[in-house]
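Shared chain: subunit A. Partners: subunit B in the first complex, subunit C in the second.
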Partner chain A sequence: MNLIREIWQSIVRRDPLSTDKGKSELVFLNVWLHIHPAKVKKENLKFKHTYYLGFITFFLFVILVTTGIALMCYYRPYPAQAYQDMKDLQFAVFLGPFLRGMHRWAAHGMVVCVFLHMCRVFYTGSYKKPRQFNWVVGVVLLLLTLGLSFTGYLLPWDQLAFWAITVGTNIGSYAPLVGGQIRELLLGGHTVGEAALLRFYVLHVAVLPSMVILFTVVHFWRIRKDGGLSRPVWKLKAKKPEGLVTIGGTPEVAQLQAVPASTDKTYGLMEVVTGKPIFETITPEEEEDVAFSYPFAFFREGVALMATVTGIMAISLFFHAPLEELANPAKTPNPAKAPWYFLGLQELVSHSALLGGVVAPAVMVLALLAIPYFDRNPSRRPKDRKLAIWLFTIFVVVNLVLIVIGTYFRGPGWALVPPWVHVVAGAE
Partner chain B sequence: MNRRAFLSWGTAGMVSLSSAVAVSMGAVARFLMPSVFYEPPQTFKIGKPGDYAFGVPTFLVDEKIFVFHDRDRGFSVASAVCTHLGCTVAHFQSDQKFHCPCHGSVFAADGSVVHGPAPKPLNWFEVILARDGQLQVDKDKIVPATYRLMV
Partner chain C sequence: MGRRLPQAFFALSLLALALIVAAVWQASTPSWKTYQRQFLQLEAQGEPNAAAKAAVLATPLEIHQVLLPGLQRVDRCTTCHLGVDDPTMKNAPEPFRYHVGLGTNVPSKFGCTICHGGQGLATDQKNAHGNVDFWQTPLLAKDYIRASCGRCHKEGDIPGVPELAEGRHLFETQGCRGCHKLDGVGGSIGPDLSEEGASQRSPEWLEKHFLTPSVVSPGSAMPNFHFTREQARALTYYMLSLTNQDMGTYYSSLRTIPSSSYGRELFVEKNCIVCHAIGGVGAKVGPDLMGVTQRHSREWLDEQLVNPQLVYPGSAMPEYDLDTNSRKALVAYLATATSEDAQLILSGKKSTLTPEDAAIEAGKSNFARFGCAGCHGTELQGGVPNPNAQGGQVPSLLHLSDDYTKDEVIEVIRNGRMPPLDNASGPTPPLYMPSWKHLLSEEDIHEIVEFLWSKQQKAKDSW
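Our next item is the complex of A and B:
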């Protein structure tokens, strides 16, 4: 028995979890958990502050990696085999349709959750100093998510896939000067063919996931380094509270306040540094509003994880991922539509390819990247940010309206057809 | 090492490093550009002139072209690839126009844009009579819409 205990203690070296020291050590002696602080502000755990959207997005990514690796065991990225493998996954492989469904719904869910997460961060003003750069990292992650979804779209090699990618990559070729070359580089040829399938596969299973992991690590790291999650909007006071505790600051900037030492804690001065900290600090009176990450934060994350996984599983039980007929370069389906999250773009493109397909998305991405540097208003309170909130809401609504029009109101020949009217495609 | 030597060696070092990086990036880009395309050839034969009826254009699925055979003016070959986003257009006998299913572009009988987002007219390809008596199309040679091959 002693040997077993010795082995266990060589793996888990923390104190028992019944002690405060053990609760802290669980976090910072563990390589996976130490991305958390040992203690978190209670108010930041509230569901209505973040809706846990960042976590849900991350969990969806975990589902995607897991199911994606499983699907890779049965998929060959060559036009002659790819579609046949999809049919096998659909009809022959044990749990094939279920796994493929999970992969697809988690992918769509990730696009949705990344977007909602961005909206949450905007509306709570959480991109403001000192978190500007983490917003930029987030926008990069949004683009990578779209890239992953788009490259995965081609892999089934059915009509839907083939024409969505044909239309999608042709949008890119409208970029001035380099557009055509970028398309050729992406496709490894002039049309969507076997070279394109292989390249999209490599991007989908190797290049883009690694980039997402790298940027996610930076994204999480920055949350900690910027002082944890931003304070909930309802906790913000009308005026900025006086005096962050700053050691060595000039008296007019901040004042060192005497705080009565509590009796049950040990404080140690680790290092004396000068200057203001770059991150938000906890004032002594806030010190009492924190809770140990174990179990309070971990429990909530666990619930979010289980809810995400069960949700995706439940959807996959009832809705299977569609598979159309084999890709046929000679026959364009009518209408041919890009993936839904690009249908707003396609709607714009149907009016002007250069303006809608290149200028508008480029301006959108640049505007998103510039938000934290362009918005000079230091206040995070919604009352003080009416203009910003209006502008962003217009941006969101315009995007949604365009996507809805492209998805439900465009029929054969891209004619405006309400979804309740049935049109026989191909009729002259 | 004095200041002057440090700066000149440092500059030389930075210049060589950045040129090496630039050259490597160029090499990577070139590596990704395929040297060989395993794609259908741009020049191909489409059979004897007699195979094509007068009037109604023949659509060749794999080549994505329309072959027009006019009794008085001879052969002409139009691309079936929409100049907007690469969808395959259809030729409607009813109005003698090309219609794109993706974004509703419409092209007139001569390929010019009548309606919709297409930025350019449909391409017309050179068609010649090969030595063996077959028609030969070259998709790399774009010709004016007035181009005709009399056989």
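Our next item is the complex of A and C:
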């Protein structure tokens, strides 16, 4: 018994969790948990503040990596084999349809959640100082998520995959000067073929996931370094007279020294230098609003994790991922559609190739990246940022409407056909 | 909130565990396992003692599959259809019944789906039988399975399936190629038929289409050829046999089934009678072939057809590059050949043609081969309905010379043209003269025009 206790002690090396010391040691003696602070602001744990969308997105990514590695064991990235491997997953591999279903639905879910997470961050104004750069990292992660979903779309090598990627990469080729070359680089040729499948596979299983992991690490690190999650809007304090000091900014050294040493706690520079840091801090009077991460934060995250996992598993148990006919370059479905999240762009392309293929995506990405630097309004209160909220809402609604039109209202020849009218394509 | 959270966490964890159990249960109880257990029960009944019964019942349940790289498929049908090659299962209930009458076409070498259709990779009934979305070729109805013989056996006769030869004959003589491409040759008014056997159109649809095209595809340009039921069935068979699929070497060697009638066709086609005689009828350059199969062994004859120089150095016999089964067919014909038949073959060959007659003959065969007859009629009578074209039908070609010079007709064949409209504001007529310059050489076109002119009925004569 003593040996077992000794082994356990050698692993955990912390005081019992009943003590405050034990609760904090659980966090900072553990490499995996110490991304959390030992204590968190209670109000930040509120569901209605974040809807846990960031966590859910991350958990979906974990599901995708896990099921993705399992699927890699059964998949050969070569056209004829790829499709047969899909059929084998469907009919002969133990748990094959379940695994594939989980991967598919988690992938769609991740695209949705990463977008919703972005909306939440915008509406709570959480991209504002000092969190501007983390918003930029977030936009990069959104683009990487779309890239992962798009590259994964081709891998089953069925008609849906083949034509969605053909249309999707065509949209990209409308970019002036480099568009054609980018398409060729991506496809390894002029059309979607063997080379394209191999390249998409490499991007999907190696390049893009590594980049997502790298940027996620930065994203999480930045949350800690920016002082934890932003305060809920309803807890915003009245602005302090001394305001925030910009490190490395224009103020003279003398001015910086003139600022009295703060009694606030910080998560950044410990109190070895004077001056108030850039990070959001906790004043002594806020201390009582703080709770230990264990158990309050951890169990909430645990619930979010298990809810995500059970949700995806339950869906996969009853709905299997679709698989159409073997890709046939000679037989174009009418209409051929890009993956759903690019249908807004395809809709624009149908009106103007330049607008949908170049202007709209470029403006959207640049605008998203520029938001925290362009929006000079320091207030996070909704009543102070009516214009920003209106503009962003219009952006979201226009995107959704275009996607819905592209998905449900476009029939053969990209004609406007409501979903309740059945059109027989290719009637002779 | 403190207490409820861990409870929710553990409840959800239990739910996750339950879902994993459910998924494992779903994956471990596929319907094919039920069928295999039933089959083992059935087999165990035939065993004499309890030990043998137990041994049978202990057979592991597993997916059975036939790997057929030559046919580019993997068939798992035998996972459930377990008695298909077991004659003792002759009276067993489906899906275990023995497949009678397979001959040499055993499932272990050919699989099942090459003849029956369906989805070989699937392991549940609905998907395997192929009546699901996104699977092109569902199981063929019983009446049409024999059409699949034509997928491999593309030449000559197929014993037991006269429909295929009949369908091919109709296709080539009724002018189908005028509108439809097959293996790269033909018009483009109708769809390409090279892969018709792999299309989603059902046999029933095809058959109705041949009887009355307008019933299944209203507004189609396809004329009603007034085929009989048997002809429609034969054409349907032929259509079902058309696939572009690349068969591996072993399977493509099966293109021909050796038969004496196909051997006779080869004998005529290769002009053997020019050098050889049968029972004294024919030429005397080579030996008389009467009774040649008694004088030499089949192996010797086969070798002689492959490489005459090896058998008789200095022989005048050319190499004909015939495949194995064509050589067998030729030998089979020689075994039954008679001098009367040789006489028939000889009389089928006209005496030397004048160059004019030769051109007309060639024109006639071009007219048939490229499907002109489809619209203009086998007797050039025209008459196929073509709404809103002048006269409402495809014109007869019997009075061409009244209105056109030869050069004008050559121009129309070369470049095609839209028919003059009856009503200028009406719809475009479905049929039109396609441009033939990419398919026909100048010589072909000239020959066709010579043929047409040889058939002209002068307007004066009919007065």
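Some points to look at:
Operating definition for what follows: the second predicted complex is superposed on the first by the 392 of 428 C-alpha atoms of A that agree within 3 Å, B and C clash if a C-alpha of one lies under 4 Å from a C-alpha of the other, contacts with A are read in each partner's own complex, and residues count from 1 in each chain.
Rule of thumb we're sticking to: a residue touches a chain if its C-beta (ideal position, glycine included) is under 8 Å from a C-beta of that chain, and two chains touch if they have at least 3 such contacts.
Keep in mind the model is a prediction, meaning the values are calculated, not measured.
By the document's definition of touching, neither partner reaches A:Pro378: not subunit B, not subunit C. In the superposed pair of complexes, A:Leu323 makes contact with subunit C only, with no contact to subunit B.
After overlaying the two complexes on the shared chain, residue contacts for A:Ile171 are found with subunit B alone; subunit C is out of touch. After overlaying the two complexes on the shared chain, residue contacts for A:Pro16 are found with neither subunit B nor subunit C. Looking at the shared chain after the overlay, A:Ala415 reaches subunit B, while subunit C stays out of its contact range.
Contacts of A:His190 after superposition: subunit B is touched, whereas subunit C is not reached. Of the two partner chains placed around the shared chain by superposition, subunit B is the only one that A:Asn334 touches, whereas subunit C remains out of contact.
Applying the stated contact rule after C-alpha superposition, one finds that A:Ala353 touches subunit B and leaves subunit C untouched. Contacts of subunit A with subunit B, set against its contacts with subunit C after fitting on chain A, overlap at residues 428.
By the touch rule above, subunit C contacts subunit A in their complex via residues 1-2, 5-6, 8-9, 12-13, 15-16, 19-20, 22-24, 26-28, 63, 74, 76, 121-124, 127, 133-136, 191, 217, 220. Across the interface of their complex, subunit C is touched by residues 84, 87-88, 90-92, 94-98, 158-159, 295-296, 299-300, 302-303, 306-307, 309-310, 313-314, 316-317, 322-325, 427-428 of subunit A. Interface residues of subunit B facing subunit A in the complex, by the touch rule stated above, are 29, 32-34, 37-39, 61-62, 64, 84-88, 92, 94, 99-104, 116-117, 119. Residue ranges on subunit A touching subunit B, taken from their complex, read 163, 166-167, 170-171, 184-185, 188-191, 193-195, 329-336, 346, 349-354, 412-415, 428.
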